[in-house]
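Same chain, two partners: chain A is paired with chain B first, then with chain C.
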Partner chain A sequence: MSYVKCLTCRECGNEYPVEPHHVCEFCFGPLEVSYDYDAIARDISRDTIAKGPLSMWRYWQLLPADLNKGGVDMGTGYTPLVRAKNLGRLLGLNNLYVKNDSVNPSFSFKDRVVSVATNKALEFEFEVLACASTGNLAGAVAAHGAKAGMKTMVFFPADLEKGKIIGAAIYGATLVAVDGTYDQVNRLCSELADNHRWAFVNINMRPYYAEGSKTLGYEVAEQLGWRAPDRCIVPAASGSLYTKIWKGFKEMGDVGLIEKPNTKMHLAQAAGCSPIVEAYGQGSLHVRPVKPNTIAKSLAIGNPADGFYALKTASATKGSCLAVPEPEVVEGIRLLAETEGIFTETAGGVVISALRILAKQGIIHPDEVTVAYVTGNGLKTLEAVESVVNPIHTTPDYATFQKALAAR
Partner chain B sequence: MGNITVRIPTPLRRLTSGQDRVGVDGGNLGEVIVALNASYPGIQARLCDDSGALRNFVNIYLNGEDVRFLQGLKTATKAGDEISIVPAVAGG
Partner chain C sequence: MAKITKRVKFTFPQDMIKQPVTYQLGQKFKVITNIRRANVRDDMGWVVLELEGDEAEIERGLNWVTTTGVRVDSVVGDVVEG
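Take a look at the complex of A and B:
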């Protein structure tokens, strides 16, 4: 069974049937899944969750697909929440955690959203799974499509990192490299979605897709012993993940799994593409699109669809939005690797540097339970950190090595 | 049939009898929308709010460029131009 009632326009409240639609026909507002929360509150408990699979599907009552009838679960989610004592000591934070979501099946949090979208696409009897991607989504779509026996088409900006392109190609996806920015890729795909019966996970499947990100809230609360953290630092491209993690905490409070959350949500972007942060700085809810120029390609969305809702979340939670200077992106990657042994991609570098800024400014109290979300794997963006390689060069000779070591 | 091509997304095709592209005339984007509304009544209210500004979740592209990088509704248009109306989408 499913607890989904309908799709509802987030702007005007018009209701729509559960179909592959994402836009309100009247006001163009985004559609969101509505649930029967009374029934969920009656049926869900910490015990029912504990008895579920060790994946994001342990929270199936709060997701818009039902795997009890079959479907695909690649083991996405239930990733480690690491107590980051070394990094915390350095930053003066006593209760710092890193949610390491870089260990998902295709090595980014995008497996969560795609897991929901794939199951929904199967339910709607699509044969082709597709996406417009800044990289991580392409890999997740290709992997899930392979497992589900679907054809996959992934569209991405042609200048994408090699690791992300290979990381999608290996699953047998049809790759489409577009000469243009992500926003241009997205526009092309929007027009294709209108005229082809393809399940574009981030377009016509978007209402279902986006719900997958809530599980990054549920898991952290469960792993903290059924409580929401005091602060979260979350990377933002479209702004969807950030708003959905907060929605996850709120829902858990609403259905009685945790106390009402009081989490302050901090949103992080790289300075070279920070349209949401710019609007926040101007006290505006209207995001002006920008042309991205950032090393953090997974966050390079100049026209963020959920920017409006992200800004509302920042203000509702008394959090903030901050931009990290471009050179600090790589510093953040190195800092996390050198202190906690976790190798993240550029988006994670943005988060760790944002965390460092918030700690330095004294915004985070030393004892607050703080969670930094690391959402993608460092092996995907090797180009960004190639400069760390500086080996001691030697012949296979004892004395030569000793000499080379002494010279270091 | 006008000289500027406007590509119509699915949510608006009920207003254009299912056509996915229509032709109109107009010297700027605002005029194009008024002309569209004359042929397909109701379309302006879908694209613009009560104050006449483009709605939050509507993206309009002139020959591939987001009109917010141009002059918005005042952006000049001419014969042969192609305009795309695209709802906002998520991603990453």
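Take a look at the complex of A and C:
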């Protein structure tokens, strides 16, 4: 059974049946899933959740797909919330946590959104799962498609580095290298979604797909002992993850699982692609598209679909949006690895550097419960941190080694 | 050639805000323009609209819009994700 009522336009409020639609026919605004929260509040409890699987699907009542209809659960989610004492000590924060989502089946948080999109695509009887991606999303789609027995199509600009698509190819995805720019790939995939019966996870499946990110809010609240944190730092590309984590906390409050949340939500982007931060700095709710030029490729979205809603979330929660200078992205990766033993990709580096800025500026009170979201694995962006390799060179004899060590 | 409809978003930089680009698109090309949502401010503007016409004519029209400095996107924003 499902607690979904309908799809609702975020702009004009028009309602639509639960189908593979993503845009309002009337005003072309984005559609969002609406639930019967009264029924969920009646049926869900901390006990029912505890009895569920050790995956994101333990919160199935608050998700728009039904696994009982033959769906797939690869064990996505329920990732560790690590008490970051070493990093906290360094930054002067006594209650710092890292949500380590780099240990999902395909090593990024994208498994959460794709898990929902895949199960919804199965319900709609799609045979092809597709996406346009530069890495994380491609891997998640290819892995889930393989598990679900679906054909997968992954689109990317032809000049993309080979290493980034191997993580999708290995699962047997059909790779489509498009001779063109990112903008041209965008346009092609939007057209394909309109004209083919393919489940493009972040186009015609987008209303369902985006809901998967809410589980990053649910899990943190449960792992903190059924309470929302005081502050969160979340990386942003489209801005969807950031808005959905907040939605997750709010929903848990609405259905009575936690106290009403009062979390201040901080959004982090890299300076080389920070259209949401720029709009925030100008006090505007409208994002001006930019051409991305950042080391954080997984955050390189120049025209973020949910920028407007992210800006509203920053304002509603009394949080903020901040950009991290490009050189500090790698510093953030190193800092987390050297203090907590967690190796994150560039998006995680953006988050840790943003956390450091917020702590340094005294914006975070030392005793506030603060959660930094690490959304992808460092092994995905090895080239970004190649400069850390600086071994001691020695011949295989004791004396030479001792000499080389002393010279370091 | 078959008629199609296409949903697009135009984003106007500050120096283009006062230019009647949507009107000119309909005049220069055989394309029907139907505005659904818009927002115009001092420093930028955007309009979400539906275009109707021959596929090739719409493509030519959108290429012309791009040459004016106005950005053309799908209504859902970027779809290439990390």
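Here is the rule we go by: the second predicted complex is superposed on the first by the 393 of 408 C-alpha atoms of A that agree within 3 Å, B and C clash if a C-alpha of one lies under 4 Å from a C-alpha of the other, contacts with A are read in each partner's own complex, and residues count from 1 in each chain.
Here is the rule we use: a contact is a pair of C-beta atoms (placed from the backbone, for glycine too) under 8 Å apart; a residue touches a chain by one contact, two chains touch by 3 or more.
Since the model is a prediction, treat every value here as computed from it, not as a measurement.
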Using the superposition on chain A described above, determine whether A:31 touches chain B (first), chain C (second), both, or neither. neither
Given the touch rule stated above, what does A:63 touch, chain B (first), chain C (second), both, or neither? neither
Looking at A:182 after the superposition, I want to know if it touches chain B, chain C, both of them or none. Which is it: first, second, both, neither? both
Applying the touch criterion given at the start, work out whether A:298 contacts chain B, chain C, both or neither, answering first, second, both or neither. both
With the two complexes superposed on chain A, say which partner A:84 touches: chain B (first), chain C (second), both, or neither. neither
Just chain B (first), just chain C (second), both, or neither: which does A:271 touch? neither
For A:209, is the partner it touches chain B (first), chain C (second), both, or none of the two (neither)? first
Contacts of A:310 with chain B and chain C, given as first, second, both or neither: neither
Starting from the residues of chain A touching chain B, keep only those that also touch chain C in the other complex, and list them. 11, 22-23, 26-30, 110, 131-134, 136-137, 182-183, 186-187, 189-190, 202-203, 206, 237-238, 286, 288-289, 298-299, 301, 303, 305-306
Per the contact definition, I'd like the list of chain A residues that touch chain C in the complex. 11, 22-23, 26-30, 110, 131-137, 155-157, 182-183, 185-187, 189-190, 200, 202-203, 206, 237-238, 282, 284, 286, 288-289, 297-307, 347, 376
Along chain C, where are the residues that touch chain A in the complex? 7, 11, 36-37, 39, 41, 43-44, 46, 48, 50, 71, 73-82
Using the touch rule from the top, collect the residues of chain A that touch chain B in their complex. 11, 22-30, 110, 131-134, 136-137, 182-184, 186-187, 189-191, 194-195, 202-203, 206, 209-210, 237-238, 240-241, 286, 288-289, 291, 298-299, 301, 303, 305-306, 308
Per the touch rule, the chain B residues reaching chain A in their complex are 7, 9-12, 14, 20, 46-47, 55-59, 61, 64, 66, 68-69, 84, 86-92
